[in-house]
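First the structure, which I've put down as structure tokens, then a few questions once you've had a look.
The chains carry the letters A, B and C, assigned in the order they are written, with residues numbered from 1 in each.
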Amino acid sequence: MNAHGDPLLDIDGISTHFQTASGAVKALDDNSLTVHEGEIVGIVGESGSGKSTLLRTIMGLIEEPGEVVNGSIEYRGRDLTTLSDEELRQLRGNDISLIFQEPTSHLNPAYTVGDQITDVLKAHTEMEEVERWERTYELLDLLDIPSPEDRAESYPHEFSGGMAQRVCIAMALACQPDLLLADEPTSALDVTIQAQILDLLQELQDELGVAIVWVTHDMGVVAETCDTMGVMYAGNIVEYGDVDDIFAEPKHPYTEALLDTVPSHTDEGDRFDTIEGSPPDLQNLPQGCVFQERCPKAMESCSTHRPPYYEVGGDDWLAKCLLHDGQPTHPSSTSAPETDLSIDEAPNRDETTSDGGTVVDEALEGKR
Amino acid sequence: MTLLEVNGLTKHFPLDTGFLMNLTGRDRKVQAVNGIDFAVEEGEAFTLVGESGCGKSTAIMSALHHQTPTAGEVTFKGHDIASYSKKKLRSEAQLIYQDQQDTLNPKMSVGEAIAEAIRFHDVVPEERVDERVDDLLNRVGIAPGDKRQKPSAFSGGQKQRIAIARALAVDPSLLVADEPVSGLDVSVQAQILNRLMDLQEEFGLALVYVTHNLGIARKISDKIGVMYLGNIVEYGDVDEIFQNPQHPYTQALLSANPVPDPSIDRDRIVLEGSIPDPIDIDEVGCHFAPRCPEASEECTTSEMGLEPFEGDSSHQVDCIYR
Amino acid sequence: MYDSPSPHASPAHTTASVTPRSLVATLAIAAVVVTLETLIGVSLGLVAGYYKGRVDESIMRLLDVVVSIPPLLLAMVIVTTLGINIWNAMLAIGIVYIPMMSRTVRSSALSIREETYVQAAEGLGYDSKRVMGKHILPNAVPPIVVLGTTDVAYALIDVATLSFLGLGIQPPKASWGAMANAAQGYILVTPWPIVFPTIAIAIAVLGFNLLGMGLREVLIYGSDFEEEVVE
């Protein structure tokens, strides 16, 4: 769909665990993904797959008892996982913005919409008041909100769902970020309104060149809007690559199964396809591959070996499946493929980083 | 036999606008449902689809007299629905609700909840109640051994299946389901819906399904009614309508719905504006006219109503240009 | 311990004897009051919360009448009208407490009736009695228990007050309030007979209050007793 630019955000081997009295909940376990400038990346998965945790980890919004135990997130030469709160705060809303599913809970009901947008500008720019308001009207107009000067005086509850979401997007784009993280932004909206927002976002992306990471459970949205996609299951991105490629020929059995189960109104079949069983408990992940218990193609080795990322079609199509053993593995900051990381043996973060740090740098150097 | 027949069903809610407004005669109402007609045959699956504010939930609640309709006739099994006693009607037509987490009494074991329904409606003699509870649980895929558990021991999807068992316990002839699987994971949805369709066949039930999800609507229904702002704008055979939508709203709706196939390059029909609130709608003319790409002056003044498309009574459209 | 020469006082009253028998009597009185309050208060509250509309309005206005009269005054009026004995004293206090219990239950009922499972019960054709009794009430229990427990404490005080004023329990039956009553004339001579029953009342009231607070923590706020160990 779009010609992508340089790598903007490089997620490498990210693991986020939540410590509880009964053990670690591995919300994210060894995830890798790259977002390029101007690209729309879709992240699909069922509930509990870790999609929201991934976005939160990128923004540094993980709090006790959760922590990033492994991996790195490179953004413009800095590892976001190592930044201080203050440094992260400067990035949020400014270089990297976030929008959520429910626009009404994202907006403060006590302030007008105009106030909230100018607030963002005040926090991150040196603009004068007049300039801020000018920019606010510009933004509202950009988002196709009619009569911007009037609507800026309205309160959030006076907007319909679709309009409120546009306001949230306006706030997110105010400081011209490079990257927009969107957590199910249209899931709460009606179909015809969602269509408006999808169209709008594609236009904006063309105009502004902002990259978007779009978390959703809707395969249709991914197919029609995204350039690349990541499929998540039980805390792992199990497949990542170009949308056209993956839909045509999924390389991971879960992706394949998932694509089969999506009911579309163009399907003429009678039954709903389903994947038998249910996702594993994130506190008690099986040894080896997380999907083995439900996988129609599971092999012996799947229960003992945790698959690494294999490059299944160039270095920008990755699949975490032993079916592809033999393909080159993707360099990553986590330990060697054969190691099974059991709950008690989660590697000490410092050790791995110092080991894996070199490998990551070299890989990046190779890409540049 | 036609199980449920609805004619001119209307449901308006008064809007409290204050004393003075009421004095001056301007009493505003929420016109949730504006004279709709549909029929459900024995064993048939009929789906009402539409976006928020279209009135689909209110329509079924009014049809079954869970709320009293403002106007219209509803006949059930050939008799006026108002002539049924509340108890009798409820034993014939059961409702599955949208909220899975909250649909079972947290203080009653699931077996008790089902048994209560069986006993209250005298479905089987006392000696056979336990047996029936076990049977129903089996049919919905819940282990009968778990029947002494309270709802908190089950997942959302399981609770909904238990709710289905409870509905079937009274031996109804009609099941009405209002978005029963929304919020659940896609694979859980699939499991429940497949089972629902199986049960529908096994028990010979008619099904009225309410949803905004077009993918589900297509697979589950025989017949479909597309609702917009209190009216059914297109009505008839589901495959026919999905393949050959005639009403501009239906066309926009289907086109807006993302298709999980990136190789298809389609132009979305994007409608302008938001979905209006069903308040202060003109009684005359088409309610979709303000947003319709094909609208004209005539649209706001014409008599509307479902008419067969090209003479085919299994495909009806409410549009003066079709 | 301290014998009183008063011709009015009975042996039970004359000693600083907070006996087990008087304990039982006192608690029994409070329990009866709370039982009465609960039976009527819960019924009214359920009906008001379930039916809403006019029924609710009527019940609430009726309760407002009761609430508008200062509690002790109302109790005194009832007792002096119906006859000064312990049963009427219990009835009077019970009546005074009904509005609070009613409102609490009504508030629960109002929110519970909107829950899906109550709508499902109605959808199954269950009659109102069954819906109120089997589906709403069991889910409204925690606030009732908490209020009832703390009300035992208040009932103790109020019945004691009535007895102290001579409107409640009559000699030779003993309740702590009555003991305090009998002893008040002798404060300047011998303070102990009034001190012990009064302290006993205070301890009982404190105890029930604490019990009520604890129950509220567990039943309503859902605390566990164990600390969660977070590494």
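Criterion: a contact is a pair of C-beta atoms (placed from the backbone, for glycine too) under 8 Å apart; a residue touches a chain by one contact, two chains touch by 3 or more.
On a predicted model such as this, the values are computed, not experimentally measured, just so you know.
Put simply, the chain closest to the centre of the protein, by Cα centroids, is B. More C-beta pairs touch across one of B-C and A-B than the other; that pair is A-B. Using the average of C-alpha coordinates as each chain's centre, C ends up farthest from chain B.
For the pair chain A and chain C, the distance between C-alpha centroids works out to 58 Å. Distance from the chain B centre to the chain C centre is 49 Å, each centre being the mean of its Cα atoms. Look at where the CA atoms of chain A average out and do the same for chain B: the two points lie 35 Å apart.
Among the residues of chain B, none is in touch with two or more other chains. In chain A, no position touches at least two other chains. Residues of chain C found to touch two or more other chains are absent. Chain B makes touch with chain A in their complex at residues 51-52, 185-191, 193-194, 197, 212-219, 239, 242, 252-263, 268, 270-271, 274-275. The residues of chain C lying in touch with chain B in their complex are 115-117, 119-126, 130, 134-135, 138-139.
Chain A meets chain B in the complex at residues 46-47, 160, 162-163, 190-196, 198-199, 217-225, 243-244, 247-248, 258-259, 261-275, 278. For chain B in complex with chain C, the touching residues are 66, 86-91, 94-95, 97-99, 102-108, 116-117, 120-121, 163, 166, 170.
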